[in-house]
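First up is the structure itself, then whatever we jot down about it.
As written, the chain order gives the labels A, B, C and D, with residue 1 at the start of each chain.
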Amino acid sequence: MLNQWLYIGIFVVISVFLPGVAILLARILSPKKPNAIKNSVYECGVETFDKTWIQFRIQYYLYALVFLIFDVETVFLFPFAVAYNQVPLFMVMEAIIFIAILMGGFLYIWRKGALTWR
Amino acid sequence: MTISKWLGGLLSNWGVNDSWSTFILYLIGSAVLGTVALLFTLLFIWAERKIIGRLQDRYGPNRVGPWGIFQSVADMVKIFIKEHIIPSGVDPGPYHLAPIIVVASVLMVLAIVPLSTTLLGSDLNVAVLFLLAVGGLGEVGIIMAGWGSNNKYALLSAFRASAQMISYEIPMAIVLLTIVILSGSMSMNDIVLAQDIPFIILLPLGALIFFIASIAENGRAPFDLAEAESELVAGFNIEYSGLKFGMFYVADFLRAFISAVIFSTLFLGGWRGPGAESIPALGIVYLIIKSLLVWFLGVWIRGSLPRYRIDQMMKINWKFLTPLAILLLVVVMLAGKLVESAGSTIQAFTLIGLNLILLAISMWILRKNETRVEIIEVGSRDRPVARPDNILTKNPRGG
Amino acid sequence: MVSLSWYLILAAVIFLIGVYGVIVRKNSIAILMSVELMLNAVNINILAFWHYNTQLNGVIDVSGMVFAAIVIIAAAAEAAVGLALIISVFRRKNSVVAAEMNILKG
Amino acid sequence: MSVQQVIFISFALLTVFSAIMVVSLRNLFHAALWLVLALLGIASLFALLGASFFAAVQILVYIGAIAILLIFAVMLTRNIMSDEVTQTNRAWGLAVLLVSVIFFIIIGQISSWSGFSQPLSEFTYTGQETILALGKGFVSPSGFALPFETASVLLLAALLGGVYIAMDKGKE
C-alpha cells in the first residue's frame, strides 16, 4: 500500500514541479518593464476604491455549510458501499435510515429557503 | 509493462537496490505522464477552438500550419515571452502559488487512472475518494488566486467558482457511491474490471448526473458563470498575465479532457475492449478513443448552450440533481438486495428499468415545473423614429 | 522502523500547539482553527493506536477506525455550527473577538 | 535511518511548522492556508500508518470542506482593522510555559508504558480489507450501528442549527 502512496506522492511533486519550472523559465525570459499604471488594479478603467477584502454575502457560507454536512455523510457511506455485497438487507436498511435522517434536514432547509439563491 | 521491466533490469544491473529502482521508475513514469499531458493540451486547445469555430459557423484557427494546427504552439511561444505584470498590492504568497496549485490539482488525477491491463499508475484502494479530494485542492487554488489578486472582481469570481465546485461535488460523490456499490471496491482498476457490462448501460441516469456535474465542476459552458465576461470581467484570473495566466488556461482545457478520461473509466469500461487483455497497448487506444468521444460531447455542449444564471445553477444542483442522485442511490441499494438471488441478467434489467423510470419521472417533474418565459417585444410602438416623414415636430407626443 | 512513540510525541506536540492557540488567540475563528488542530492530533493518536492494536492482535481493529470517523464527524459538526455562531455574532456586534462576546454577562 | 523514518520526520516537521504558523500569524487568511498545509501533512501521516481511507477522508473533509468553510467565514467576518491590531492577548508567555509543562508531564507519564517504543511495521493489507471491515462495522448491530445512526442525527442537528443561526432573519 505504501508503494501506491509513494507513487501518488511522487506524482504530486512532479505535478507541482512542472508548472513551477515553466513559470520560472518564463519569468526569466520575459521582459520586465513595470510602471505604476500597468501595475494598478484592473477595474474597467475606474479608479479603485476601498480595500478589496470587503465582506461577502451569507449565501456562499450557507452553501458551503450544506456541502460540508453532505460531504461528510457521503464519505462515511463509502465503506458501507464497499461492504454492500456482503451484508444482508436489514443492514442496508440501516444505511437507508442514515440517509433518510439527513434527508429530513434537507427538506427542512429547502422549505426554509436556504437553498434558494437570493 | 515490458519497458518498465527492462528499465528495472537495467537499474538492478547497475547495482541500484530494489526500493530505489522502484522510486526511480515511479519518478520517470510520472514525469513522462505529466509532460505528455501538458504537451497534449496544446493539441486540445487547438482542436477545441477549431470545433467550436465550426459549430458556430466560423473557420476557427486557420493561419498557422495546415488547418491552423500550429496556432496553439505559436500562442504558447507568445505567452511564454510575455511580461509578467504583477499588480501592486497583491498578496505575493497566494498570488504566485495559485496557478501552480490549480494545474497540479488537475494533473494529479492522472496518477490513479488505469491506462491498460498492466499499465496503471497507482492502484490506490481509495482512488474514488482521492478523485474527489483532488477537486477540493483545486478549490483552494482558485480561492488563493481570487484572494491574492487584490481585485474585487477576481475575489467575487473565486467565490462563485468555489461555491459552484463544492455544490456539484455532492451529486458527483453520490453517483460515485452507486458505482462503488455495483463494483464493491473503491480502486479504479477493480471498477474497470467489474464492468463486464459498462456502467453507462446499468446506470444511465447516474451517468447523466455525473456528466452534468463534471461539466459544472470544470466550470465550462453552460456553467461558466465564474468567468462571465459581462458581469465579472474575466474571472478569478483577471490579474494574471504571461504564463501564469497561461497555466489557468492550460488547466481549464486539460481538466476538460481528464474529466472525460475519468468518465470513460467509470462508465464506459476504461481500457476494456476486444483484445485489450492480451495486447496492453490496445487498452490505451481504447481509453483515448472513448475519452475523445466524451470530450467531443462536452465541446459540443459548450458550443451550443447559453450560460445559466447563478440562481439557476444553484437550483439545478440543489433542487434537482442532488435529490435525484440520492433517490437513485436508495433505489439501487434496495433493488440490488431485493433481486440479489436472481440471475445477473434479471439484475441488470431491473437496474436499467429502474433508472429509466426515475429518468422519466424526473423529466415529468421538470416539465411540470417549467416556467415559460414570456417573450417581450423590445421597443415601444409610439416611439418617434428618425425618418424624414416623421420628424419630432410633426409628432404631437414626440420629444 | 517508525515506532509508536514517534506518533504519540508528534500528536502531543500538535495538540499542545492547538492548546496554545486556543489560550492565546483573540479572534474566535482563529480559536476554531486551533481546535481543529487539536482534533487532528487526537486522530493521529487514535489511528496510531489502531495500527498498534491491529499489529498486536493480527485482526483489523474496527473500533479504532470508527472512533476516528466519529471524531471527524464531530469536527465537521463543530465547525459548521461554530462558524455559523461566529458569523451571527459578527453581524450583530461587528466583532469576532472572543473576549467581546459577553452579552450574557450579568 | 530508513526511508520510512526520513519520510515520517519530514512530514512531521512540515506539520509542526505549519501548525505553529497557524497559531502565530496575524493574517487569518494566511493562517487558514497554513492550516491546509498542516492538514495535508497529517493526511500523509495517516497514509504512512496504513489508514488510506482516513488519509483520503482527511483531504476530502478537512481541506475540501472544513478549510473552505473557514476561509469563507474569514472573508465574511473581515474587519478592515483586523490585520493591524495584534492578534494575541497578553498571556502568551504564560501559555508557552503552561504548554511545555503539560508536554513534559504527558511524555513522562506515557514513556514508562511498555508499548511506548513498539516499532510499527507496515501492514500487509493492500486491498479493500480495512475499508470492508469498517463498512461492516458501521452497519452490523453487534458492531457500531448505533454510533453510526447517532452520527447521522448529530449531522442533522449541525445542519439545522447552522442554517438556522446563519440565515438572514427578516429581510428589513
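Note that in this section a residue touches a chain if its C-beta (ideal position, glycine included) is under 8 Å from a C-beta of that chain, and two chains touch if they have at least 3 such contacts.
Note that the coordinates shown come from a computational prediction; the quantities given were computed from them, not determined experimentally.
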Chain pair, A-C or C-D, that carries the greater number of C-beta contacts: C-D
Distance from subunit C to subunit A - Cα centre to Cα centre, in angstrom: 21
Subunit B and subunit C: spacing of chain centres that average the CA atoms, whole Å: 34
Inter-centroid spacing, subunit D versus subunit C (mean Cα positions, whole Å): 6
Distance between the centres, which are taken as Cα means, of subunit B and subunit A, whole angstrom: 14
Subunit B: positions in contact with at least two other chains: 124-125, 129-130, 147, 155, 159, 166, 169, 184-186
For subunit D, residues contacting two or more additional chains: 4, 48, 50, 52-53, 55, 57, 60-61, 64-66, 68-69, 72-73, 75-77, 123, 125-126, 128, 131, 134, 136, 138, 148, 151, 155, 158-159, 162-163, 166
Of all residues in subunit C, the ones touching two or more other chains: 69, 72-73, 76-77, 79-80, 83-84, 87
Interchain contacts, given as pairs of chains that touch: A-B, A-C, A-D, B-D, C-D
Subunit B-touching residues of subunit D, taken from the complex the two chains share: 3, 29-30, 33, 36, 52-53, 55-57, 59-60, 63-65, 67-68, 71-72, 75, 126-128, 131
Subunit D-facing residues of subunit C, complex: 1-10, 12-14, 16-21, 23-27, 29-30, 32-34, 36-37, 40, 43-44, 47-48, 50-52, 54-55, 60, 62-63, 65-66, 68-70, 72-81, 83-88, 90, 94-96, 99
Of all residues in subunit D, those that touch subunit A in their complex: 4, 44, 47-48, 50, 52-53, 55, 57, 60-61, 64-66, 68-69, 72-73, 75-78, 80, 122-123, 125-126, 128, 131-132, 134-136, 138-141, 145, 148-149, 151-153, 155-156, 158-160, 162-164, 166-168
Contacting residues of subunit C [partner subunit A, same complex]: 69, 72-73, 76-77, 79-80, 83-84, 87
Subunit A contact footprint on subunit B (complex, rising order): 22-23, 26-27, 29-31, 33-35, 38, 79-89, 99-101, 103-104, 107-108, 110-112, 121-125, 128-130, 147, 149-153, 155-156, 159, 163, 166-167, 169-170, 173-174, 177-178, 180-181, 184-186, 233, 238-239, 242-244, 246-247, 310-311, 314-315, 318-319, 322-323, 326, 329-330, 333-334, 336-338
